[in-house]
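Scrolling down, you'll hit the structures one after another.
The two complexes that follow have chain A in common; it is paired with chain B in the first and with chain C in the second.
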Partner chain A sequence: MLTVWAILIDGFIYASWLFLVAAGLTVIYGVMRILNMAHGSLYALGAYAAASALGWYYADGGDQLWMAFAIIAVCAVAIGAVTGLAIERGLLRIMYGRDEILMLIITFAVLLILEDVMKLVWGTTPYFAYQPYAAMGRINIDVLTVSRYDLMVLVVSIVIGVGLWFWLERTRIGKILRSIIHDREVSKAMGVNVGRMFTITFMIGATLGAIAGGITAPIISVVPGIGIEVIVLAFAVVVTGGLGSITGAAIGAIIVGLARATSIHTMPELELFIIYAVMAAVLVFRPHGLFGQAVARKI
Partner chain B sequence: MMKADRTELSLIGVAIAVAIAAQFSPNWLVFTLTLAISTGLVVMGVVMLMRAGLVSFGQGLFYCLGGYAVGLGGRFLGITDALVLIGLGVVATVAIAMILGLLVTRYREIFFAMLSLAFSMILYGILVKSHGLGSTDGFGVVDWTLLWFDSKTGDSANMALMLAIALALLIALFLNRYFKSSIGLACEAIRENEVRVEYMGISRQQTLYINYVIAAAIGSVGGSMTALAAGHVDPTMAYWTISGEFVFIAILGGTGHVAAPFIAALIFTLVRTYAIELAPNAWQMILGIVLLLIILFLPKGIWSLFTRKKGAAS
Partner chain C sequence: MKTTQQRTIWQKTLLSTATSVALASAGVMGLATTAHAQDSFKVGFVTFLSGGASGPFGVPASQGAKLVVEAINEGTLPAPYDSVGVNGLQLEMVEVDEAGGPTKQVEEYRNLVQRQNVNAVIGYISSGDCLAVGPVAEEMQTFTIAFDCGTSRMFEELEDPKYVFRTGLDAVADNVGAARYLAETRPDAKRIAGIQQNYAWGQDSWQDFTLAMEQLMPEAEIVNNQTPQIFQGSYGTEISALQTRRPEIVHSSMWGGDMESFVAQANARGLLAQATALLTTGESGLHRFDGQAPNGTILGGRGPFGGFMPENDLSEWFSKAYEEKHGTPPSYPASKAAQAILALKYAADNSDADGVPSSEELAAALKGAKFESVSGTVNMGLAGGHQAVQPMLYGEYHFEDGQAELRNVKSYPGDCVSAPDGYNAQEWIKEGFPGSSCD
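Showing the complex of A and B:
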């Protein structure tokens, strides 16, 4: 029984983190039909920015928890929005209209470039920003101890998920975006400025990636290559749930999160295996993911 | 008696020239050439899929299977003959590709890319957790033999290169004919419009399946050769960034000619050798920028530089 509780708690905490990482990816794909491989790099950028800013803050003698969170938020949003804008305006704009698969390779090139830009800016030594994580302490749930920071990630993740849902379903801009998702050409004919919507979407997706990185920074040691590890996880989640669907990303994150937690508590050697096995299993029966929509083939 | 065409004659000529030149080359160049040819073989698999309109971000799976077959065969089965070890890799890879192929050939575009990526990451995940096999460090490949040759006593770097050249030549000759065969041409037609291919009475499923399995087998040979030359295998062979490099080389070379992947792989390996020494933290950036430039200005790869000239002359 204890194991079950541990699996559930760990699983949902991990799922919330996965959702944070995957949300931006699925938003960008849903609207723009671009599977952004550079999403992992935005995650890493957010983590680096937050870790180094937190490092300065704590080295300066700061010890306010709310300031730490404000720093994380500001850094992540700033670097995500700026990098997103630069990538979309500087590169993707001239590439639109090409095959989806070629866009994938283009974002792979962006990933390669950003990986080294980060090495040149931040070096290869790890950055630590554990203070907020340590400061929040742990709470006991029955006999299990859970970090309060992890629970906060869970809350942030739910807030972002609900926020995204509200943005897409209940606002004017969301309605416009949904029209683009349904039919890009017709919305353009109806007077939608698709180009601007793409810029907004890409910036928001990129910012979500950076926020995920910023929030994760206090939990991990920020080293080169974290983005490359994260992106495949995000892919697995998004593909399991169905590309382009927010609900899909949430369900995918929960499935993958619970599967991984189950494996860690029962068969730890299968941890990595299980994530991709779940994805493959879902794709066998639902080729476009659980919430994905099949597209008619053009003759 | 089959008539050898010009491409075949020049392939044989180049192979012999490289083999002779290698006898007078320094050891590092011989080793680099072997790696380049092995990489070129794996890239050939990626190119075969690209001709059918599929991009695989998981060809490292077969590369890794080939490498580990050599490592495991030598370690646990006591096999030392290089050709038997490579054959073992091909058999294992074909068996796995025949199962995976049933699934992945139902997918296109990014779904194919992601699914192939997932399968190679599954293998990576298994190998990383296999502590008996050295986990992330991998393990060394035993000394190998080839007919009269023994890598303990002879010049193994040179012998590995000769073997790589011979295998690459055979595979290139085969593929040159394969690309012009009905199934090779059907693959290109599928890339253009698969529904019409079905109308013509060709099974796209079957065509893609056969193409996928052959590409996997060739990738495995590349992995085995790398293991024999480097004397070491580790799980990163299946990591997705390695597969990403194969895609990069495939795009660099283009799909126009059987020799293109080898030339691109040679450029890649040579540039990497220098770049890692001169600018270790800017190597990936160079890759990324070159990749973008090629997509923008040379969408058919560097091979199009040769054909364009020929077209202008005639």
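Showing the complex of A and C:
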């Protein structure tokens, strides 16, 4: 019974982290039809910014938990929004209308460039900002313990998921974005400033990636290459759920999270395999993912 | 027609002039290269400069190597290495990034030898890279030192090596040493679990450790082993899975950022209050845990390196110089890289060569040699004189008043933790370590 509880708790905690990482990727694809490989770099930038700022804060004698969370939020939002704006205005804007594969290659190039930029700025030494994770303590369930920080990540993930749904379904900008998703050209003809909407969408997607990195920073050792590791997982989740679907990303994350937790608790040697086995099984029956929709090609 | 003829003459003149200039330049460059080759010895140094292994391993190794190279060229090393240069030649280091996998490393190795014209190659943290590069080094007949990779298969797969050497211990020594330390310090431990990165290093380490435990602590039960992806970073689910098995000892061969992340998370989750962690590469976190590992956590340093270095003139010089330059004491990768450079200097100085020693002369000098290093006296006593035999040390982490140190350190002689020549390492453990001497 303890193992069942452990699988459920670990599965949902991991799923919440996966959703955080994948949300920005799927928002950008849903609206802009760009598979943003640089999303991994935005995650890494958020992690580096938060880890180094937390390092300064604690080295300076800081010990307030709320202040640590404020630092993570400010750093992640600032670096995500600014970098997102720079990538979209400086590069992607002049590439709109090109083939999706070309856009993928361009964002992959951005990923590689940003990886080196991060090395130039932060070096290669790991950054460790464990203090908020340790300070929040844990809850004991028999021999099992659950970190309160992990539970907070779960709450943040739910808040971001509901917030994204509300933004897309209940706000004026959300309606405009949905019109762009349905037909970009007609939206333009109706007076929608598609370029501006793209900028906003990319900045929000990039910021979500940086927030995921910022929140993860106190859990991990922030080292070069974490962005590349994460982008592979994020792709597995959004492809399982259906590219461009927020609901799909959430359901995909839960399925992958629970499958992985079950594997780790029962057959740990299959941990790596299970994530991609789930993705492959879903794609066999639904080639566009659980919530993805086949789009008719315009001729 | 006249214009065409004039153009043809003009082209011929230009071509012959260009050819003459090119030939002359090549001659001058050739002379320059020869002159250059006569007053310097070029060594390729391969280590991770990018990716997850660069921060904790690759860059400290590079820093350690550069520090020793600079001191060799200035003649400021303590005796017996206080002469300037290697065999009187300035040592020139060409650095190459180890990231990219074995296929890329084979290409890089060929580039180093054929295009960069290095006289020797030192490098390789990844066991996969060592296994791939070893046969190529033998084929290209180039003196090569593996300074860190731990696979015990390296010399099992290289029959009768001539040019390839390893100046550190292999993973078998790490894990036999770990089992011996447990048997000596925690003989009553009954429930043993593990967490290893899911690739050759982690799998081999766990196999060697569990085989050794069967021999040394047959009453202990292996209750679980987790195999997360390398560079995964977050180990929440694995920690839960370990907790539900109620282990007393958690063995891990994870290294670098992964190892540090696991320790921080396992400590915050309370796993390390329930069980003692045994970290075979934990020394690299000695000055980085900052109290996040509980006192009593068992650390290894892959031999007498980093915090386990014995006190001698070389180790004292190295520790002081490294800390002055980089602000932190040297970790074991830095020490191991320094040891490989010292091995090269030893081989070159003892090669009896006139000028740049050849690979054959270097190999003959290092084969079976005993040379002084930051880790004490290194005996190239295994694999027909190509593999170092050194003691394996383990100790307990202790953090107090902002200072980390190793306590309850125990040293096991090389013969006690390494399989003798002629034995497959796993068979040697299964047969109960025949020929081992632990006194």
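In this text, the second predicted complex is superposed on the first by the 293 of 299 C-alpha atoms of A that agree within 3 Å, B and C clash if a C-alpha of one lies under 4 Å from a C-alpha of the other, contacts with A are read in each partner's own complex, and residues count from 1 in each chain.
By definition in this document, a contact is a pair of C-beta atoms (placed from the backbone, for glycine too) under 8 Å apart; a residue touches a chain by one contact, two chains touch by 3 or more.
Note that the structure is a prediction, hence the values are computed from the model and not measured.
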Fit or clash - chain C, chain B, common chain A: clash
Quick one: classify A:V239 as touching chain B (first), chain C (second), both or neither. first
Would you sort A:V284 into first (chain B), second (chain C), both or neither based on which partner it touches? first
Who does A:L91 touch here: chain B (first), chain C (second), both, or neither? first
Applying the document's definition of touch, where does A:T125 land relative to chain B and chain C: first, second, both, or neither? second
Name the contact category of A:V110: first (chain B only), second (chain C only), both, or neither. first
Scan A:E100 for contacts with chain B and chain C and give back first, second, both or neither. first
Which of chain B and chain C A:L272 touches, first, second, both or neither: both
Identify the partner contact of A:S221: answer first if only chain B is touched, second if only chain C is, both if each is, neither if none is. second
Chain C-contacting residues of chain A that also contact chain B: 115, 119, 124, 269, 271-272
Using the touch rule from the top, collect the residues of chain A that touch chain B in their complex. 35, 91, 94-95, 99-102, 104-106, 108-113, 115-117, 119-120, 124, 228, 232, 235-236, 239, 243, 269-273, 275-277, 279-280, 283-284, 287-288, 297, 299
In the complex, chain C touches chain A at residues 49-52, 54-56, 58-59, 198, 224-229, 231-234, 236-238, 240-241, 243-244, 246, 256-258, 260-261, 264-265, 267-271, 274, 288, 290, 292
Listed in rising order, the residues of chain B that touch chain A in the complex are 55, 103, 106-107, 109-111, 113-115, 117-119, 121-122, 124-126, 128-129, 193-196, 240-241, 244, 247, 251, 281-285, 287-289, 291-292, 295-296
In the complex formed with chain C, which residues of chain A make contact? 2-3, 6, 9-11, 13-14, 17, 115, 119, 123-126, 128, 130, 133-134, 138, 140, 143-147, 149-150, 216, 219-226, 229, 260-261, 264-265, 268-269, 271-272
